[in-house]
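As structure tokens, the structure follows; a few thoughts come after it.
Labels A, B, C and D are assigned to the chains in the order they are written; within every chain, residues are numbered from 1.
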């Protein structure tokens, strides 16, 4: 009888767990797969994701390692060192666990470091969501992972074309659609006001009446994250609508952005009195909120991807998603108060958009799990031309 | 008055210093450049490169850091951890030094890690020798560095084409020829027997009579490095010619290879009695030896590149250089005694080849130095299409 | 002419800078000393000490390194790894700087790790504040540092006796009194309400009317930090006096304590409405607040040392200072609401105490600086008996 | 039913495994103990200890982690960084394994680092072989470990007295005698010439005729290790007796010592032609060789301890064992050729000594195992006075 294929899935942020949960469950349930989760990065830090970690623990998964390796600082040097330390520690776990495949998701900085470690250990690497074009350091990181990875699961046709251009062998590149969008299509979009108002601090939200939603993360290649966030906050405040404001994720620049939010809450209550501040919610609640919001504002990839399927109007600000394939539901604005304000007004006047399949294929997670479980593996790459 | 552009040059192996020395001197001498060397990896370890470190110290360069970060083991896990630790420590030095540009050379495993750290710190990255196709993990590492780098200095037309295919902007990709070959064209190829016999241990070499030269490094993606080396050694021994045998470089697999060599010397003196074992020599002496050797055997990139210019016959063994553009002076052989032996015999019968410009452009180092010193820098990359 | 003696002073927390500032200035001014500061740990993290770092930068000191090495988690594993990473990185700086002496202060966990690194590099180690007996892990750490250190500057007679008992040579053990107390005796104790109310959040304080002051840090060897803090908060709230509450310092356990404070502020405003929450203040302001407070409550060493000189009534809670030599101004209480409450009431009724010289010698910093600048150095220790 | 007590035993050098093997077997066999080995440091490096690792694997022990963390360089900075990296990685394993007790042996530099990590994680620490006085950095390291440890197993009365003087509670200090000596008393001292000559390189040894044995390790606090070794080698050579020469262990300074030995073998064959060079042997063979040698020369602790029981004459050179309680079988000599030579001549004339119990108690390992298995554990230390 054949041994099961051992697949390591490093999870380093709540967002990654959120978007990968259908795939994780399918791999866990697969008869030919021995799934090992490895936790590191911000997923282990209480303030961002305690309930996610609880959720993982409750899932009955094998957790091969829980590695605290986030270096404080919220700046570039802390980010770089976090990546290096993460890779150093994951190397030990890879060495002990000796997996057949490591699954790398997306473009977070520590995922490149983990991919590098896996590559040096001659482990086959599968990469999900390569080939997209965006702004920030994610752009470089994503393509560098592609050049280390052996199997590629892209989410759209543009990405497919780029991964091939970079010299990857077509037989190992699969357009399966986006896991985030599959999840958005899969979970219930029902949510109650009570549930929302049990989380976070600030103004109570009536889920059945118009509200704005803001998710603006740091752009690690830019220096003005605080100023850009203040611009957004003042514009959003001017609409005097109830607003759900998500805390920025913990990349370089997050410190000054968190500081700005705390400062505005304490010192400018007239601007923030309509706002509810939330650090995080389960992925399914996040989708439900997107489905209810009158407009999503900021620079989250959810605006480009999940909202294309959900039809939620989006105002995408600045360079973080620059170049990513986006549908008609997105209006792009620079870091300028006037243009952001005009775009929000236009989207509020327009209302919801029809659902799009730009990033959507049914059964993305099953398709990926099947390849991971059964494809013939290889490690020596060769530029395909 | 303008401040000088600060350029960091991480040197992590004697080979890198050897091939980069003309460029380093040109950058050091450039009026608009403030050059900072950063030493790490095997360059600091006595057994491989004490005299190289002395040479660097004597050059009057600013040495910004000397970081011991090679983790012992000579296996993949040690290699991966060395890369991670190197990157962790170089991050601190980059943070303190705050360079405008970091120069990354070639495809050694720790250079990708350093490039990653520089990328996270938003430092402009210049990459030398991208775009080539070879075997082993170097293949993946080289292309991943390309996707992190902002300026590309390739050595041949094939590489140029591939770097563009990967989505790099043509205005930042320069075919300057190979620094190794420029050096080979530049240094004196005169060397005395006395000089050779003052180095290493074993049989004395008469430089003016036919001798073989062997440089066979570990292939980190393969498991049989020891057996492959033994095959080569037995074949080479059968020619009963004086032989200069270079110690393998310290990548994963080096331990068992060094062990084999020590074992053969102690226990099989009849096979090794014609051989002189050398750990390393200054780059200029290495070139002189190549220029004198009747045939170079093994898997060194010098066989493909320097020897194309020098016209030295080469028997290239196995997968390490697989796919690299090579001239008519190279015969390729698999890890099979018979085929290796036949190829050596053919090359000895043929004798030297005419010089080729496949990898040669005059003034490669000056061309690179000029771009590094004066090109407008940028950090936000974008897939070019 | 003799070279100056090179003295490295690693600073890893704002508290260490605060208490050492007179010594740092005396070393900086000393004609025979070349002082090098090395920053790491929490001193570099905005949320705890941005103005301290500014103060250091403004002092004109040589800052040899600024190393981000605090690993997030606020638990034991993060604390242990922070210590190890700190030592790893300080080793590099020690190697580059090559100091004659390293000054280690007190008993913070990362200081032992730094002392260990210095010991392995054969650098002479001076230790300030050894020999005390307290609770928590500090107790072990402090004595372990003593056994690595070559020069000892203790603050009281009990400590002096213990350091000798541990086998240290009497000629290298100096009772110079406490630097904290020297600072408390040295700075102005004048402070305005405006200055206090410009810092932190919450209730405004009238400095000229009775107020309580709370400084309760995590005890890293205990599991109930959150519960113990809640006990203190509820008791303090019951006095309905204005209260300045200092944020706990960032040792293991800090996360859950910070959480409790945030929770109480948001959800129990009736308990916290008299309180002002402050993360930190310059050392001189801290002394001025101690001098004005009606009672200091918690587990800070300032209650034992500075307050003995200032005469401020203290209620010391739990095990953190257990065993430390304390004067009559301190009442000790276990983690029990009733006993804490009774002790506060007694201290409020009693009022201020006369100044004590238990920990006070004039010119502690000058005495230490003189020894560091001129004593004959040695590295090979030997158990003295 | 009670859970077994989980005891972690970090092994970081072949010497530690050698001397601890009886204890390890007793703990492994103990019905109340769940023993977990953790391998790191030089034990994992082929060139020093492959057969030891094989022996461990064959023992059926639980190996909780195998961590490559030796940083190359053979100098102080590499030694310090190795300690720090070891501690960083062992922290992760301690966190995962969550042991009740960690056993720390002796005074090697990385053992202090591991003890520090365990202390920060609130794990009870048992220390074997504290309280001795010696030279080099080991002196400081040993006592610093004592101040972190909760249970102490000392090997002689002098050590007992010192551990108590340092403020350790008498109820936790046990004089059990030396594990090395127990092993020496326990193993067969029979060994054949064939067995010896199958190991290492050089002159064949006739075990039944007089031979010298040399074990001279680096003294990490001294700069002249190479010169000191050359002095010893020239003196030993002058006796023209067959000699078994053990390779120095891999502490700082080992590189230049190894270099000297290689140089002397290659270039001064007339001096080394009587010598057999051995990197290591199983602990039992080592004892057998000690039992047969006419004289042990160098600075190994085996000369002080095992040889006191075996009655082998010893010439102890230099400062490494300085101050350690030694019997009449030891003659001490400085690093001076004449005095070393005179001492060897005297010892050869004297012949073997009667067995001593200076370091010997029967059943040391059982006594230690029993305490570890059944004593009530504690973590909060307190200076005992």
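Basically, a residue touches a chain if its C-beta (ideal position, glycine included) is under 8 Å from a C-beta of that chain, and two chains touch if they have at least 3 such contacts.
All of these numbers come straight from a predicted model, not from anything done at the bench.
Colleague: If every step must land on a chain the current one touches, say how few steps get you from subunit A to subunit C.
Modeller: 1
Colleague: Farthest from subunit A in C-alpha centre terms, which chain would that be?
Modeller: Using the mean of the C-alpha atoms as each chain's centre, the farthest one from subunit A is D.
Colleague: Whole-Å distance, subunit B centre to subunit D centre, using C-alpha means?
Modeller: Centres of subunit B and subunit D (C-alpha means) sit 41 Å apart.
Colleague: When the C-alpha atoms of subunit A and subunit D are each averaged to a single point, how far apart are the two points in Å?
Modeller: Using C-alpha averages as centres, the distance is 52 Å.
Colleague: Which subunit A residues sit where two or more other chains touch them?
Modeller: 77, 81, 85, 92, 95
Colleague: Give the list of subunit D residues in touch with subunit B in this complex.
Modeller: Listed in rising order, the residues are 44-47, 68-75, 77-78, 81, 85, 201, 255-256, 259, 266.
Colleague: Contact residues on subunit C for subunit D in the complex?
Modeller: 76-77, 79-81, 83-85, 87-88, 91-92, 94-95, 109, 112-113, 116-117, 119-122, 133, 135-137, 139-141, 143-148, 162, 165-167, 220-221, 252, 319, 322-323, 379-383, 385
Colleague: Over in the complex, which subunit B residues touch subunit C? Could you list them?
Modeller: Subunit B reaches subunit C through residues 65-67, 89, 92, 95-96.
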